[in-house]
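After the C-alpha cells below, expect a handful of questions from me.
As written, the chain order gives the labels A, B, C and D, with residue 1 at the start of each chain.
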Amino acid sequence: MKFGVVQFPGSCDEVDAQAAAARVGEAVLLWHRDRDLQGCDAIVVPGGFSYGDYLRAGAIARFSPAMESVIEFADAGGLVLGICNGFQVLCEAGLLPGALLPNANRRFTFRQVDLDVVNGDTAFTRACAPGERLSIPAKHSWGRYYAPEDQLDELEAAGHVVLRYDPAQNFNGSLRDIAGVTNAAGNVFGLMPHPEHAVDALTGSTDGLRIFESMALSARGVHA
Amino acid sequence: MPEAAAPPTVDEAVALGLTRDEYALILDKLGRAPNQVELAMFSLLWSEHCAYKHSKKLLRTLPTEGEHVLVGPGENAGVVDAGNGLACAFKVESHNHPSAVEPFQGAATGVGGILRDIFALGARPVAILDSLRFGEPATSERSRYLLDGAVRGIGHYGNSIGVPTIGGEVYFEEPYEQNCLVNAMALGLAERDKLVLSAAVGIGNQIVLYGASTGRDGIGGASVLASAELGDADEDKRPTVQVGDPFEESKLVECSLQLLEQGLIVALQDLGAAGITSSASEMASKGGVGIDLHVDRVPLREADMEPFEIMVSESQERMLCVVEPGRVDEVIALTDRWEVHGTVVGEVTDSGHMRIFDGGTLVGDMPVAALVDDCPIYDLAPEKPSEPIYAPPAATLAPGASMRVALLELISSPNIASRRPLFDQYDPIVQSRTVRRPEECDAAVLVLPGGGGLAASIDGNGRRVAADPYWGTVGVVLECASNLACAGAEPLGTTNNLNFGNPEKPHIAWQLTEAVRGIGDACRALEAPIIGGNVSLYNEGAAAGPIYPTPVIGMVGRLPDAERAGRLGFTQEGDAIAIAGHFHPSLAASELAKLRGEALPDGLPEVDIAAVRAAQEAIREGVREGLLSSAHDIAEGGFAVAVAECCLEGGIGATLDLGPSDDPWTHLFGEGPGGFVVSGHPTAIAQLAERVSLDVFGVVGGDDLRLTIAGDEVDVPLAELHDAHDALRRFFP
Amino acid sequence: MRARVLIRPKAGILDPQGVAVEQALPALGFAGVTNVHVGRIVELDVEDASQLDEMCRRLLANPLVEDYDVQLLGDDGHAAP
Amino acid sequence: MRARVLIRPKAGILDPQGVAVEQALPALGFAGVTNVHVGRIVELDVEDASQLDEMCRRLLANPLVEDYDVQLLGDDGHAAP
C-alpha cells in the first residue's frame, strides 16, 4: 500500500499526513509541479494554506500539474483523500460536490471535535465500528460546507455524507453539520477535520487512524 | 569617492534620530561628511534598536554560559543542546510600536520576524509563544481593538506558515493603554552539526538575496533624505505599515533549510529591522570582511527607488546568504524551485568596508567597524523615584465582598480568566509534536525524536516588577522555571525581552538596571543562562507616562520522557490535594490588591531563590517519576485560584479545609514564587512530603469547589466557576 | 486595458461578514443600514478582454457560491458607459 | 439607497493576493495579465448616504493600509453617472 501526499507551496500538514499514512503503509511526498504520481495506490491532498489560500481557499492549487494527474487518477477510480485545505482543493477541482466557505464565526478556529460516522461502509470509513464517534481536531477558517438544498438531499439519500459534527461543535456553520463527503463513485473523500493529527495517544487521540486503515483495507480490496 | 549632490546637513542627521555628537563622530570616522546613502545607513545601525546604546552595558552583566549553551547572545537566536544530537534555537522579540499602529499586521510581521531569526540558524521553526499587554478591555475600546487585531495577526501568520502556537501570556493593565506590548518567541530544531552562523566568510564569495522583492516598506523615517523625485506629494508611496506574507515565508523556510541541507551556502542571515543595511553589515562585521553591494541588482516591487531607499527598506520575507562562486547556479536554481527567486547582489571583499554601488557607480563607502562597532554606548543614570509613578488601578471589587465573591471576581478578571478565546484562534498541533496544549500544563510540551521532550514557557508580570523591579523580576524568572518544573522539565536556557519606557529618565533607568540585575541573579541561581533576547525601550507617551516595566522571560527545558509530561488538572477522584514548596504568600501587588484598587506597594518581600529552586526540583522529580496526578504552580490569584484552575482543567471538583488562619485572605489569595498545588495518591503525596515541605489540605472529587478556612466555607459549583472563567469570550465577538 | 471584477456571495448563502458589519454599525451610531453584503474585487490590466469571463469562471470566482460582474474601466478608472 | 464601497490595498503596500493571482494566471493559459490587485467590496442599503464616508473610515476600511471609493448605485445596480 503506497500513499502519495501532494506538496504545494504553502502546504502545512503534508509531513504529518505522510507520517500518519506511514503507520499503515508506505508514504511519499509528491511535488506539485510533477505529474508523476509514482505509482501510488492512494493520494492524500493535505491541509495547509496552499498558495497562501489567497483569493479563495484551494482555488489556485487545483490547477497544479500534480492535481491534473490526481484528477485523472480519481476519474480512473483511484482513492483520493482531501484533508482541510485538501478538501477545499478537491471541491474547487470538481472532484467533490459543494464548496467550503468562511467559518460562520469569522475566525480561524482550533477545536477537538466529535464526529459521527454517518456512513461506515465507505472506502474511507470501513474500519470504523457502526455508529462510532471519532474525536479529531479541526483547525481552519474556511470550513463551512455548502451545497444547494436539493443536492444536500441527494448526498444524504445516497449516503455520500460520511461524517457529521456533533451539532453543538459545528463552529464553522456547515450545512446539516456535514464534516466529510464522498463523490458519487465513492473513491474520493474530503473532510475538514484532521485525521492525520489523531494517530497517536501521546499527541491527542488515535481515532484518525481509522480513516487511513480503511483506505489500506480498500486498496487491498478488502470489504468490511 | 564621487559626490553627486551636497551631503545632507547635521539637521537631517538629527531628524534621522542621531545626536549632533554622534553625527560629529561619524564625520570623524569617515574623515568627511556622509552622503545620503551613508547617513541613512549610519542612522539605522546607530539606532537604539540596532546598537543597544542604552542597554548594552547592562546586558553584558548577564550570565550567558552554561553546559547546555551551544550559541549565546550575538547571533540571530541563541541555541541550547536538546540532547540526541539535536539543538534547539529560541528567542523572543518585540513588535510593540508597529502593533500599536496596526495590530493585525504589526503582530503578524512580528511573528514573521522572529521565525526568520530561527531558521537563519538552520533550525526548523517548531513552535511560537506570544506575550501580550494591553489596557483594560472592559473599559477601553482601543484595547479590545488592539487585542483582537494582535491575536488575529499572530494566528494568521503562525497558522498559515504551519508552525504551532503552543503557549503565551496576556495581561491587561492601564499603563499599557497607549503602548501595548506584542512580544513573540519562537523555537526551532536542528541537528547540532547542521547549525549555520551569520558571519560572512571567503573573499570573493557571492552575496545572494532571495525572497520577497523590495518595496518602500518602513522607510518613512528616512524620508527626510528623499530627493525631489519622490516628494511629499507621494508620501503615501511610503507605507507606514508593513504587510506580512506568511505564504512567501513558508517557501523561504523550506528553501533555506534545503540550501543548508545540500551544503550550498556558507552563511545565512535574515533581513529584519534596518533591512539589508544591518544584515549585510553584521555579516561583514562578524566575518571581519568587507562587502560590496549593488543596489541596482536588488529586485524591486516599485519602480525608481533611490539607492538609500533600497538600503533601508524593511520589506518582509527576505533572506541573505553567502555562496561560493561555483555554487551560485545551484543556489539560484533551488530558490527558483521554491519561487523565492535569488539574485546575486554583491560579494565578500577584503576591503573591510561596506561599499554600495548603483549601476557601477560607488554611492556609499564606509568602514564596517565604524557602522557596527563604533556607535557610542551610553551610561544610565539610575535613580529610584521619590514618589509613586503609577496611579492606583480602579477598584472593581466591592468593599466587604465575601471570599466567594472575591474568588469569582478573580477567576473572571481579565488577567486570570481562561485564555481559550485567544488560543482557540491558534493552531497548536501542526507538525505533530505537541504533547501538552495550552491549559493542559503550566508549560507547553513537545515530543522529540527518541521520546524525550522539550517544555517552553513565557512569563512576565509588569505590576509586580513596577512594585519592585528587582524582586519582581526575580519572581518572573522563578515562575518561568516553576512552569517547566510542573511539566517535569529542567531549564536549558533563557531568553528575555526588556520592555521599558525611556531609559534616559533616571527612574526608568533604575527599573531597567534593577530588572536586569534580577534576571542575572535568578538565571545564575537556576543555572539557566541567557542565550538571547531583545530590548524595546521608549514605551511611553507624553500624557500616558511609561508602561509598567515589563521584562518578559522565555525558558526552554528538557524532559527525559514526554509520556511522563505533567498535567495541571486534577484527574483522579480521591486523590489527595497538597500545597507544596517554599511559599510565603503576600497580597502586595497581587491581583486581589488590584481588584481592590490598592496602590502599588514600595517593594515586595524578599525571596530565598535557592529554596525555591529546591522546591522546583522536588516537583520536577515527582512529575518525572509519575508520583503526581497533577502539578500547578501558584501565581496570579494565589492558592484558591490555582486550585480552581486545577478543578476547571480536570473537570472535577475538590474539597479542602485549610483549618484555622489568622489571615485567611492572604492564605487564599496571596501571591509569591515557589508554591505548587499538587494532587496524587495519598501514599505518593506522602513520598513527596519527604523531599519538600508540603501540607495536605483536601481531596479531589465532586462537582463543586469547597474551601473551608478559619470556619468560613466557600462553595462554588464547577459550572458557575466555568462560566466565570470564560469571561474573555465576550471580547472576541 | 484595465478591468474590474466584482465577486459577491450568491443570494441566499449566509454572508457572515455582511451580517457582522450590519450588526456592528448601530453600535457606532450608524442607523438605517440594511442588506449588507461583503465580496471581493479583482482589478487587473488585460491585453485581451475577451478572456475575462473565462478567467472569472475558472479562477477568480466560484460560480457555485459566487456571482460576478466584469467592468471595463476607462483610463480615468471609472466604469465605461 | 443602495451603495457600493470599493476597498483596495493602498498604492505601495504589498498585496500578496494580487501577486498570487498574477502568478497563477499564466499557468492557466491566460497571458498578458498584469498589475493585479485584490480588494473587497461592501454593498449596502443606506438611508443617509452622507454617513458612508465616516462608515468607511471607522469600520469598513482600514485607512492605514486601504484606500476606498464610494459608489451610489441606481436601482439597476449600476454606478450612477
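Criterion: a residue touches a chain if its C-beta (ideal position, glycine included) is under 8 Å from a C-beta of that chain, and two chains touch if they have at least 3 such contacts.
The structure displayed is predicted, hence computed values, not measured ones.
Comparing chain pairs A-C and A-D by the number of C-beta pairs in contact, the larger count belongs to A-C. Centroid to centroid, with C-alpha atoms defining each point, subunit A and subunit C lie 30 Å apart. Centre to centre, using the average C-alpha position, subunit A and subunit D are separated by 34 Å. Measuring from the averaged C-alpha position of subunit A to that of subunit B gives a distance of 36 Å.
Inter-chain spacing, taken between the CA centroids of subunit B and subunit C, is 40 Å. Counting only residues that touch two or more partner chains, subunit B has 245, 247-248, 339. Touching of two or more other chains is recorded for residues 51-52, 54-55, 60, 63 of subunit A. Contact of a single residue of subunit D with at least two other chains is seen at positions 16, 20-21, 24, 28, 38. Interfaces, counted as pairs of touching chains, are A-B, A-C, A-D, B-D, C-D.
Chain contact summary for the complex, subunit B toward subunit A: residues 152, 155-156, 159-162, 245-248, 250-251, 338-339, 423-435, 447, 562-563, 732.
Subunit B meets subunit D in the complex at residues 101-102, 105, 212, 215-217, 236-243, 245, 247-248, 301-302, 315-316, 339.
Within the complex formed with subunit D, the residues of subunit C that make contact are 2, 6-8, 18, 21-22, 24-25, 28, 30-48, 51, 54-55, 58-60, 78-79, 81. Interface of subunit A with subunit C (complex): residues 55-56, 59-60, 63, 92, 98-99, 101-106, 144, 146-147, 173.
Those residues of subunit A that touch subunit B in the complex are listed here as 9-13, 15-16, 19, 48-49, 51-54, 107-111, 137, 139, 194, 196-197, 200, 202-204.
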